[in-house]
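Here come two complexes built around subunit A, the first alongside subunit B, the second alongside subunit C.
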Partner chain A sequence: MEEQMKEWPEPFSTTGGKTSMLVTMQEQVKEWLDQDKVDLFLGYKMVQKHPLPHCFTKDNLDEVDELIAGQARYSLEKIATKIAAERPEIKIGLLARDCNQRALNVLYVWNQLNPDNLETINVNCCPSKLKEHGDCSYLEPEQVGSFKKMIGIDNIIEVKAAEEFSQEDRFNRWMYEFQKCLKCYGCRNICPVCFCEECSLEHTDLIATGSIPPEVPIFHLVRAVHMGGRCIDCGLCEDTCPVDIPLRLLYRKVNETVEDVFGYVTGTNADQSPFNLLGDEVTLKIKPI
Partner chain B sequence: MTNSIAEIEDAACIFVIGTNTTENHPLIARRVFRAKEKGAKLIVADPRNIQLARFADIHVRHRLGSDVALLNGMMHVIIKNDWHAKSYIDERTEGFDELKKVVETYTPDKVEAISGIAQGDLERMAELYATNSPAALLYAMGITQHTTGVDNVKSCCNIAMLCGNVGVRSGGVNPLRGQNNVQGACDMGGLPNVFPAYQPVTVEANNEKFSKAWGKKLPDQIGYTITDMIPAMLNGKLKALYVIGENPMMSDPDQNHINKALEKLELLICQDIFQTETTQKADVVFAAASVAEKEGTFTNTERRCVKVNIAIDPVGNALADWEIISKLSTAMGYKMSYENSEEIFNEMTSVTPSYGGMTYERLGLDGLQWPCPNSEHPGTPFLHKEQFTRGKGMFHAIEYLDPDEMPDDKYPYFLTTGRNFAHFHTGTMTRASAHLHAEQKTGYVELNPEDANKLAVQDGDMVLLSTRRGEMKTPARVTSKVKPGVLFVPFHFAECPANILTNPAFDPIAKIPEFKVCAAKIEKAP
Partner chain C sequence: MDYKIIPSICSYCGCGCGVLFQVFDGKLVGTLPMKTHLVNEGKLCIKGWNLHEHVVSDKRLKSPMLKKDGNLQETTWDEAIQTTADKLKAIIQKHGPDSVGVLASAKVTNEENYLAQKFTRAAIGTNNVDHCARL
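The block that comes next holds the complex of A and B.
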């Protein structure tokens, strides 16, 4: 049970003790909560050797000493979106990696969060090994099996490498990957920028119901199209996928097209998206899960 | 499971028989995919073209109920080719000669006549299983829900031992349990013949131990299985029934029959989180807390005891199951007063050797796998490592028997039942979910296009299904997933209940009904 027994390293620590950076971060959060700059702070806490998302509040300031920023990755901004949908007035603090920041930008563009009610503490991370304190789990991806490399798609290859397969080969490889899909909706449910009230993946005129795999390849292509101008390349969908479909690669390709055609790099700022055709109507409603 | 879920990833061969893993155990299917992608061989034996079949090195759709013949045939080929694990068999098992004598008669010819598996396919399956080690065997209700359920399971054990696959990492015989806690319920003695940890009630020392622990003289006779209870209700021997978290009106075979039996009862008590087809017949219904509203443990298919915690307080006047049972017991004169679920857990571990080393604290988030006999024991990822529980592994020589009911002129089709990925069991929980309802709104019958053509039935047309027990209307799903002559019905849907059709004939030892095979007729609904 290697996976479950895996010991997570101490946050930002090479010596075992708390680093000054972590202490500074905790003090900052306490101050924000204490001075009502934020009503709650979303971060991580170690629970029985597992780093889990946690909501810190003023009622329990001492607990902030347990706030950590290790390898754990979760779409905290998705939790924030749900809180804001129910209680738009709440001021939310958030521990943000680069990917969380990009997601926040998209959520501001799409009126799912109000930047005035959000404060972030930024932590270093992906996408580069060159970056100090980079500790995203993507920096040391799991090795992909030999059969998958031969028949399917190696999850860690770049768009360019994937395009080197002949068209027929590429098609077969993607079809292999899609046929594994269990229709768990994990990719959508974890996605920080999936917030539509009505999801096309559940539209019975588009995608037939009642059996798995879901219609191949339409289910995945519908999602891919919807990721154009939305996906911020956090890779949580692929982390979540129980059958290791290379979703991140697929959406990277889609966003490459978006950049080529519209010159829009998703998530880099909170300016208007070329896809935001509906104007700025606020839709802070909770999507049923 | 003899082995653990994560170990499946490192198997060199996976033999999937009678489990539609992607639909029913998706997170175990994840391990199967990962093993395959690392280079493992995959064998799938299932009467339907299940999703995993697309990824199999070999897939056979054997005739319903022909599992013993199939497994004997594979063993025949293995022994003939000298692929069996001779030193393992010598050192760790007994009864090999008797087994050999029986499987010698299961020539590929004979097996083809019974199961419909082409000889070449049988040989290929045998070769892949025997020559890629370790090989993990996975099965589920497709093996057990037969009048020969025990024979089928023993045959799975036979082939696993024959190739030295029991007691090794990533091998084993792995029944995938159908509920989160069915393993735990059995471990706790939720069976008519044993106390917790399978200590027989008929053994005097056990009886004494538990009588002392619980301060009450306990019965030393074996009680009724559910299959025994139904005739006992009908003949008046059983007058009251207390049903906890089960929906026998949907989950027992031959609905008309179980309905009659329940009506004869003087008292029916149900305890559930939602109304079900059974609670509607009850005299008393206790509202039970759901998983999110209670504290306790579940023990899953890999023998892992996992703690659950209260996320929200119980809604309405619902109580945790243990609180309801304690109150009822106290009202009936046997006082049960526990402070919390942990006190019950500690009492349980004190009389249950395989759980003896577990505490709430030790369970943590990851839980522990039994046997875990003392407080230093790390738990057991796979069983039978040095030796089998009984010492030597026992081969059982088993002859193939036909299912109780075979197609005939009147009922010319084979009918089998199972689950759809969107729903769980009798649908009491999943049919309350709007999303799952959108995925699959009602029942259906899978029917091969060839048969559909003969009957002039189109996809979605209503058809009338009938067996010797009863009849029902349901929409046809025309698909080559099933072979011509075979029908499949999911059993989640009360409005077209599979159990109006299924055969109550049962395995003589395990008393499990033959849900997986019966003879049926299908016609276009008038």
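The block that comes next holds the complex of A and C.
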């Protein structure tokens, strides 16, 4: 088992020692915790040879020496929203890659986090439409097999390339992808900007229960519509999909429409979203549909 | 405020997916897939995603149940094991060892499954042993 373990290199560390950037980051976090600028800091730590999210606190300052940027990426901001929901007064520090930062902007817009209670340390990150250069090699797209390329959709193609298929071909390809769905709800569960207390995908009047795959393409299109103005193109949904449905491509298309119609590029700033009709007072408590 | 991430292995089937338990102030509140785990590489099925629910479920049995006077009632492990042993012995004596079958589980360890088949073959004396993953 030991030999099979994949090495997860650190963006900041070189073999045999820490780089100055990593040390600076650790010192900054220690200072924040020590001076009560933040009550806790969400970063990564190696546990049993796996880079795992970890909550660093003032009570255990020495542990901050083990803080790493982490090659694997988790939605730390989603963890932050859970902590903030329980204890709104807590000041949270967060290790933020670009995708985390974009998610934070959306969470500020929708009042799921208070920007006054959040401090971030920014690290360089994964390639995306919004940033070309990235150090997060973990997110280098996996190669897609020839069968999927032939009858399904290559996960790494751009929206434009996907639109070049004829309408019928495109429909068949998407249906092939959707009917693989196991209805695991992983895409929703892992999504940093999915925070509704009541989810349409679990509403029995909209989505029938008791069969796999779920009703296609409705199941995926309902989620796609809800991603308009929300999706920050982090790719966590596609990462966690057990059957490799090209979800990121689908949501990119939805957000392209949002950009065309409203001129709103999701996640780029914490200004109001064109979809936030209720203004600052919106609460997302359970309400009857 | 105490927030912890605890790595573990999914107990639902024999695959052994890596999971992370989210523990908030000592209470298990969520499950995440472990992204660097060799088996599942950051993916989970719906059972794995909801792994924490059966741990904290109100419906979870916390002690053995024994049917007395037609109703299931909570009992001690000593009484439950003694009753089971007595009944098994009686059945084997009356109908022979092949009247008993044992179903092992993917949710327990290899060692426990080994013990289950050893018990079936050596103590009960039958080859009627199978596994839930074959059902």
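Here is the rule we use: the second predicted complex is superposed on the first by the 262 of 289 C-alpha atoms of A that agree within 3 Å, B and C clash if a C-alpha of one lies under 4 Å from a C-alpha of the other, contacts with A are read in each partner's own complex, and residues count from 1 in each chain.
Here is the rule we use: a contact is a pair of C-beta atoms (placed from the backbone, for glycine too) under 8 Å apart; a residue touches a chain by one contact, two chains touch by 3 or more.
Given the structure is predicted, the values throughout are model-derived calculations rather than measurements.
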Subunit A as common anchor, with subunit B and subunit C clashing or fitting: clash
Touching partner for A:202 - first (subunit B), second (subunit C), both, neither: first
Partner chain(s) touched by A:74 [first = subunit B, second = subunit C, both, neither]: second
Touching partner for A:148 - first (subunit B), second (subunit C), both, neither: first
Which superposed partner A:82 touches (first subunit B, second subunit C, both, neither): second
Partner chain(s) touched by A:51 [first = subunit B, second = subunit C, both, neither]: second
Which of subunit B and subunit C A:210 touches, first, second, both or neither: first
Which of subunit B and subunit C A:240 touches, first, second, both or neither: second
Touching partner for A:40 - first (subunit B), second (subunit C), both, neither: second
Which superposed partner A:97 touches (first subunit B, second subunit C, both, neither): neither
Subunit C collision site on subunit B, chosen from 153-161, 225-233, 333-341 or 441-449, when both complexes are overlaid on chain A: 225-233
Doubly contacted residues of subunit A, that is, touched by subunit B and again by subunit C: 4-5, 47-48, 50, 182-184, 242
Complex contact set, residues of subunit B against subunit A: 4, 6, 22-23, 26-27, 29-30, 33-34, 36-39, 51, 54-55, 364-366, 381, 420-422, 434-435, 438-440, 444, 477
Partner subunit A, residues of subunit C touching it in the complex: 1, 3-5, 7, 18, 20, 22, 24-25, 29-30, 32-38, 42-46, 49
Residue ranges of subunit A touching subunit B (in the complex, touch as defined): 1-5, 47-50, 144-148, 152, 179-180, 182-184, 202, 204, 209-213, 242-244, 288-289
Contact set on subunit A toward subunit C in their complex: 4-6, 8, 39-40, 47-48, 50-55, 71-74, 79, 82-83, 86-87, 90, 138, 182-186, 189-190, 239-242
